[in-house]
Structure formats: structure tokens, C-alpha cells
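One chain, chain A, appears in both complexes that follow, with chain B as partner in the first and chain C in the second.
Moving on to the complex of A and B:
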């Protein structure tokens, strides 16, 4: 068991990290090359000003038609993304990992807060899942890919909370937690979660098209 | 919840097209189109869409069908173009029929859903790609296909022959001479300030609009002209069919007929889709970043004439009016303020719709849906109860509507929901109330 833990928290972590970094670079570069080759009539209209206008606007809850359409979804999605990043990067346990692996020291969340925020992420995932079960217009378009992405995201949080609260065999839980975190990281570029890479560009394009060409708002 | 297969409508164009298809042919054409004509944009849309369903509220079809999920933008894309991408074109001819019906008749390409998508997905674009594939497969609703054939053959949408065009203009000039003794509709005047272009339905069955425009330009003392040769029609159903090759031919002929006359700019009649064609799609297809010759919409031109005092309004239009914002010039060009300025300059009592401006609901005739003809009238009228409610809530008698397609769409909605309202072009009202210093 200890050997497995050592493998998962050692070499496998680097492999997962490499998958994430190299995979992301590969996806972004190949998408850019494709855009250059095929979407010249769109790229031509990209505007930094209107890209930022759109991105910033959509980062403000309830400031767009979309964010007003479904308040529960809006609150959930903002809470989810903020808490996800907070836990992934700033959880005290994770900060120790960054320190050991890369040698830099950074601020970390108070342990209690980290715990609460992890529960927020799990609750948000539960709401996402409920929407997929209960709202006809979401259920209608939900595919196995969407469930897979949601499962990938929630697993590290579930196992993390179990490990932290010493529920179940501690070493096994920690190993599963790291393993699921690595799986998530490695698969971000290759699943629905790739929206983490591409949204900034689709949003920027829409902002540019609406701002610079259509002289109107995209929110 | 319904499914597209529950509401298949018989159409000879779609039926004949599908009868000629085999699964191998579909696979070949779909992959050729996806690989050859689409790129990162479509791929990113399909992948980045999180299927969150927020776009549903943006669509008048979804709202009008009391939240039937099969009408949400994401559902329409998932059931058509996204499915073709995922299955790499391996679908049955029957499925292509369903996809064509969704793309041509249940989406107006109005892009209202863009205001609802957090990740910035342009479903209007995806649906147009779907239409492009249907066109390449030869599966196009009969009525709109006929307009496309007319475009390809005559360079205008309505099979207007070259001599009929000139004859119609001279007929309108003749008619107008009963009202203004020395009015002209100048043909092929080189170096004129403006070149006035219309859509082919004007000479075909809305000739009074040409008369009114002539009267307004005459009163304003405008140096204007119309071309006597093909290129005069600015409309473009080829764009909505997905026949981009002919879209390019049409736009080139339109721009070039103006360039040959060395006019300063083109003013186009009150049409929405034609503006999309010259400003957004046709120019890009031809490789022009911007329009090679400035083209301005009637709303802008009337704004100029009124603010410069070239047209005087002694007494404003008294009936209460509301403003219908046509997608292609509002969400497509941002003319909402000028449209309001003009309307307030000519109308006494203006009641706004809710929502309005770029958030206004489409008329459901746009995007070529009305051009798909009588078989699909019910689709667009029942699919736009939302617009009927919007109109009814204003309580007015007249609707200012500077777009031909919107006119047709609103007339049908007003008729079906018994609203007792009258759509009006800005030109209708201006012609009616302006000072006519030269009138007999």
C-alpha cells in the first residue's frame, strides 16, 4: 500500500502534470493553427478591447441576460469555480505539495475554511447533477460525456473530504484522493473540461464580433 | 417534451432531396464540408458547450412552446450539426430530413441566444453550417430553393426579368408624376451621391415602396440613382440556403454595379437580411474585411435626412406606435439608437416593447424561415407566441418595423393572434406625413 502511495504521490503526479501541461499546449496550439487555416474571416475581427469588455462583463454575476436567466445556476457556477480554484491551489495540504515539488512558499487557506469550501464544491456538483436529472432542457442535452466530466471533478473533492475527516482507511483514502486529482488534471485538456482552456477565446471572439462589428452588447 | 420526428412537415424540396441520398453520400459530403469548410470555431463551440441549458430562455421558439426543451438552441445544435460531428456523418437520410427541418425552419439565425451563453457560443453560426451541409446534400425546402434558383439565374430573388425591372421603375416614376410634376427615378446616373438598392420583392409586389422612396429623395433633393442592370437586388436567400458560392456572386455583382456607376455610397431599403449579407457574410466570403463601398441602411439614411432638416415633418404620426427591432440591423449593426431617434422624430406616441433593443425577440420570419413558404407558416407563427405577447402588451395600433421579412412575419403573427395591429415601414410613415413642397 505504501509503495502504491509513493508511486501515486511521486512519479504519477509528474506524469499527470505533464499530461495537463503538454496536453493543454497541444490543444491550444493545434486549435490556433486550425483557426489560422480555416477561420481567417473570424480571427480578422479579434479586438483586445472588446474581448476584455466581454470577459469582464461575464465575470460579474447577474450582469448578463444569461446570468439572470437562472439565478440558482448563476450562484452555483460562480461558487463552484471560485471554490474549485481556491481549494486546488490554496488548500494548506496542496500548498505543502507545491513547496515540496517546486520549492515556493505561498499563502494557504485556513484549514477550517478549506474544509468548508470543499463542501461547497461538492454541493455545487450536486446541484449540477440535479439540474441534469430534473430540468427538462438540461436533461434533454446531457450526454455521457457530461456525466463523466462531472464525476471527474467531484471525485477528488469527495475523497479529499473523506481523507481529511479520517473516514475510511486513511492511507487508502489519501491515495484515492491523489489518484482522482491526477486523473482530473490529466484529462482536463481532453474532455468537456477543456472549456477551461477554450472559454477565454470563445468569449473573446464573441465579444469582438459583437463589439467591433455589430456595435452592440453580447450580454 | 416533443421531438423533431413528431413534427415532420411535408415539403417537396426536402422529400426529393432526401430520396436521392444514400448513407455513403451523406458521410462523404458531411466530412468533406466539416474538414474543408469549418475549423476551430465550430470545433470549440461543440466542445466548449457545457450543456447547461442557459441559452434556452434566449429562443422565442422555446419560450413560445412553453419550455419544450427540443426547441432550445443547444438542443437544436445537438440534434443536428453536433450529432453530425460526433457520428462523423454516419446518419440516415431520414435523420438529414429532420436536421434540415430544424436548421431551416426552427431557427431564425437571430443570435439572441448569444446574450445567454456564458462561454460565448454562436449557435446561429452552427445552424448555418448545418444549412450549408443540407445545401451540399441537395436537401433544401422547396420555396427557398426556388428563390435561390432565381438568384443564381437572374441575380435577383423573384425571377424579375431585366426589362421588367426597368419597366417597373419607369412605371413608378410615371405614377409619381401625378403627385410631383418633375420627379425622376434616375437610372445609371454616374457619380451620383447615392445608389439606392432594394430587394426583388419590391418591384415584384411592393412597388409602392419604390414610389415612396423616390418621393422622399425627391423632396430631400437627393442626388440619387438606381442601376438598370443586374446587381440592383441586394437581397440574398443564397446566404440562408447555405449556397455561399451564389452569395458571393450576388454580392460581387451588387458592389460592382455601384462601383461602375462611381457612386459615393449605397443606401439600401428597409431590409434586414440584405444588410447581414453585405455587411457580415457576403463581404467576408469575398475576402473583403469591410464593405468595398459604403452601404448604409435606410434607418441611418432617414436619420441623416431628418437631422439635417432635408425632410420636414409638419405634424407627427398620431397613432401610438411601438418599435420592432429587426435582428440583422440591431443585433447585427447596432442601429437601435438611430431607429429610436427616427421614430421619435416622426411619431407622437412611442411605446417600447419589453424586452427591446438588442434583446428584442426575432419576428420568426427572419433567417429565411418565411422564405421556406406556406408549409412552414405554422412553425414560425406558433413558434412566436412570445412576440405576440410582446406586441399585445404595448396596446398600440401600429408597429414600426424597418425590415421586409419582419413585416411579413409580424403580419402573420398579428393575423393569427388577432392583435389588430398594422406594421409600418419608416418610409410609409415619412412619405405620409412629410412636407411635400413640390406636390401638385
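Moving on to the complex of A and C:
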């Protein structure tokens, strides 16, 4: 068990990090090459002004038609993404790990607050799942890869909550938690979760196309 | 009259006992009875104190040399593995928020305790194993 823990918390963490960084670069570069080949002229029209206009607009809840159409989904999406990042980077337990491993001394969420927003993430995942089960128009376009991505995301949170509340054997739960977090990180570039890399550019493209070419808004 | 004499003899006696008690008080919490690593240096501890039965632990782990944990400080400000600092708290050289670039207290504990366990393939390494609720 110690051997596995040492491997998972040592070398494997670097492997997962490398997959994420190099994988992201690979996906972004190959997407750029593809875009240039297939739709080269649109690159000429990319405009920083209209890109930022669109990105900022879509970062504000309920400020676009898309966000107004489905309030439950909008609230869930914003809550999910904000809490996800906050837990991943600023959870007090994680900040202790950054401190032990790298000597960083950074701000962390109060332990109680971190616990609560971990449950918010799990609840948001449950809403995403129910939606895919229950709404016919979503169910019809749901593919196995969507379920796979959702599972990847929820696992580190479920195991994390169990490990923190010391349910089940601590060493095993902690090992599973780290393992599922590494799997998530490593597979972000290669699954539906790659929207984390591409959304900024899709928005920039839409913003430029609507702003600079069609002279209208994309929200 | 008798009463005054009594107080005169008892007062110094009481003073001596009081001094002895104050002097012995720390012994009552000496390493023999230590069951957790004290958290008193942290002004608002967020986790339950780490399990650590000082003497039983060191016997179980076969640690006879105190300096393994209680290292000293050389004149150059480096770890001194010759002279033990037992009796001195870790925080006297590792404050919670050091200003002189020393290893902070929490990191000092985590590095010392966890590194040994991970290398020995024995003893707690996950948060919940030390900070038991």
C-alpha cells in the first residue's frame, strides 16, 4: 500500500502533469493547423476587440440569450466551474500539499468552506447527470463520451470528500483520490473536457465573426 | 499568637511547594505522556492534532537516537546532526511564519514525519492517518 501511495503521489503526479501540459499544447497546435488549412481566411478576421467583447460578455451570468434560456443550467454551470477551480487550487488540504511539496505559502479557503463547495460540485454533477437522463432533447445527443467525461470529473470529488471525512480506510481513500485526480488532469486534453482549452478560442472566433464580419452581437 | 507562628512557618513551606509545582508542571506533560504533537503554536488549528505517542512511537520505530528528530543548529545556520536539541521545541527554530528563511513549522513537521514513513514503507502518510478525527 505504501509503495502504491509513493508511486501515485510521486512519479505519477509528474506524468499526469506532463500529459496535461504537453497534451494541451498538442491539441491547441493541431487545432490551429487544422483551422488554418480549412478556414484560413477567418484567421484574417480575428479581432482582439471583438474576441474580448464576446468572452467577457459570456463570463457574466444571464447577460446573453444563451444564459437566459435555461436559468437552472446557467446557475449550475457557473457554480460548478467556479467551485471546481476553487477546490482544485485553493482547498486548504491541497494548499498543504503545495506547501509540503514545493514550499509554496499561499492563501487557502477556510476548511469548512472548502468542504461545502466540494458538495456544491458534486450536486452540480448530479444535476448535469439528471439533465442528460431526463430531458429528451439532451438525452438524444448524449453519447458515452459525455458520461465518461462527467465520471472523470466527479470521481476526485467523491473520493476527496470520503477521504476528508475519514470514511473508509484513510490511506486507500487518499490513494484513490489522488489517482482519480491525476486521471482527470491527464485526460482533460483528450476528452470532452478539452472545452477547457478551446472555449476561449471558440468564443473569440464567434465574437470576431459576428463583430467584425456581420457587424452584430453574438449574444 | 500561635496562629501567627503557624503562618510564619507555613508560608515559606507553601512557597517552596508552589515553586516546585510550577517547576514540575511541564514534566507532567513530558514526552512520556505525549499522545499528540502539540498544536499550541498554531493560532487557529484547522485539523485534529497529529497522533504521536512520543516514547511508544520511538520504541516501535526503533529510534534510539534523539537527533534524528531533535537536530540542532550549527553556527552557519545549517542542520546540526551531532548535537541534539531535545527539550527545545521545534517552533523555537521553526516558527509558524519565519522571517529568516527557516523552514516553517507545519512544513518542518510534514517533511520530517512523512518523509521517514514514506521511505520506511511504514507509518502514516495520508492526512487522515495522522490528523485522526
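Basically, the second predicted complex is superposed on the first by the 215 of 219 C-alpha atoms of A that agree within 3 Å, B and C clash if a C-alpha of one lies under 4 Å from a C-alpha of the other, contacts with A are read in each partner's own complex, and residues count from 1 in each chain.
As a convention for this text, a residue touches a chain if its C-beta (ideal position, glycine included) is under 8 Å from a C-beta of that chain, and two chains touch if they have at least 3 such contacts.
Quantities reported herein were computed from a predicted structural model and do not represent experimental measurements.
Once both complexes are superposed on chain A, the partners chain B and chain C fit side by side without clashing. Contacts of A:6 after superposition: chain C is touched, whereas chain B is not reached.
Of the two partner chains, chain B is the only one that A:142 touches; chain C does not reach it. Using the contact criterion defined above for the overlaid structures, shared-chain residue A:99 touches chain C, although it does not reach chain B.
After overlaying the two complexes on the shared chain, residue contacts for A:170 are found with chain C alone; chain B is out of touch. When both complexes are overlaid on chain A, the residue A:111 reaches chain C alone and has no touch with chain B. A count of residues in chain A touched by chain B and by chain C gives the higher number to B.
Put simply, chain B and chain C get as close as 36 Å, counting only Cα atoms, in the superposed view.
The part of chain C that touches chain A in the complex is made up of residues 46-47, 104, 106-107, 110-111, 114, 117-118, 121-122, 124-129, 132-133. On chain B, the positions that touch chain A within their shared complex are 1, 37-41, 43-45, 47-48, 50-58, 62, 67, 69-70, 72, 74-75, 78, 114-122, 280, 284-285, 289, 330-334, 336, 358-359.
By the touch criterion given at the top, residues 31-32, 34-35, 37-39, 41-42, 44, 54, 58, 64-67, 69-70, 73, 77, 131, 135-143, 146, 192, 194-195, 198-199, 201-207, 209-210, 213-219 of chain A touch chain B in their complex. Listed in rising order, the residues of chain A touching chain C in the complex are 2-3, 5-6, 9, 92-93, 96, 99-100, 103, 105, 111, 163-164, 166, 170-171, 173-175.
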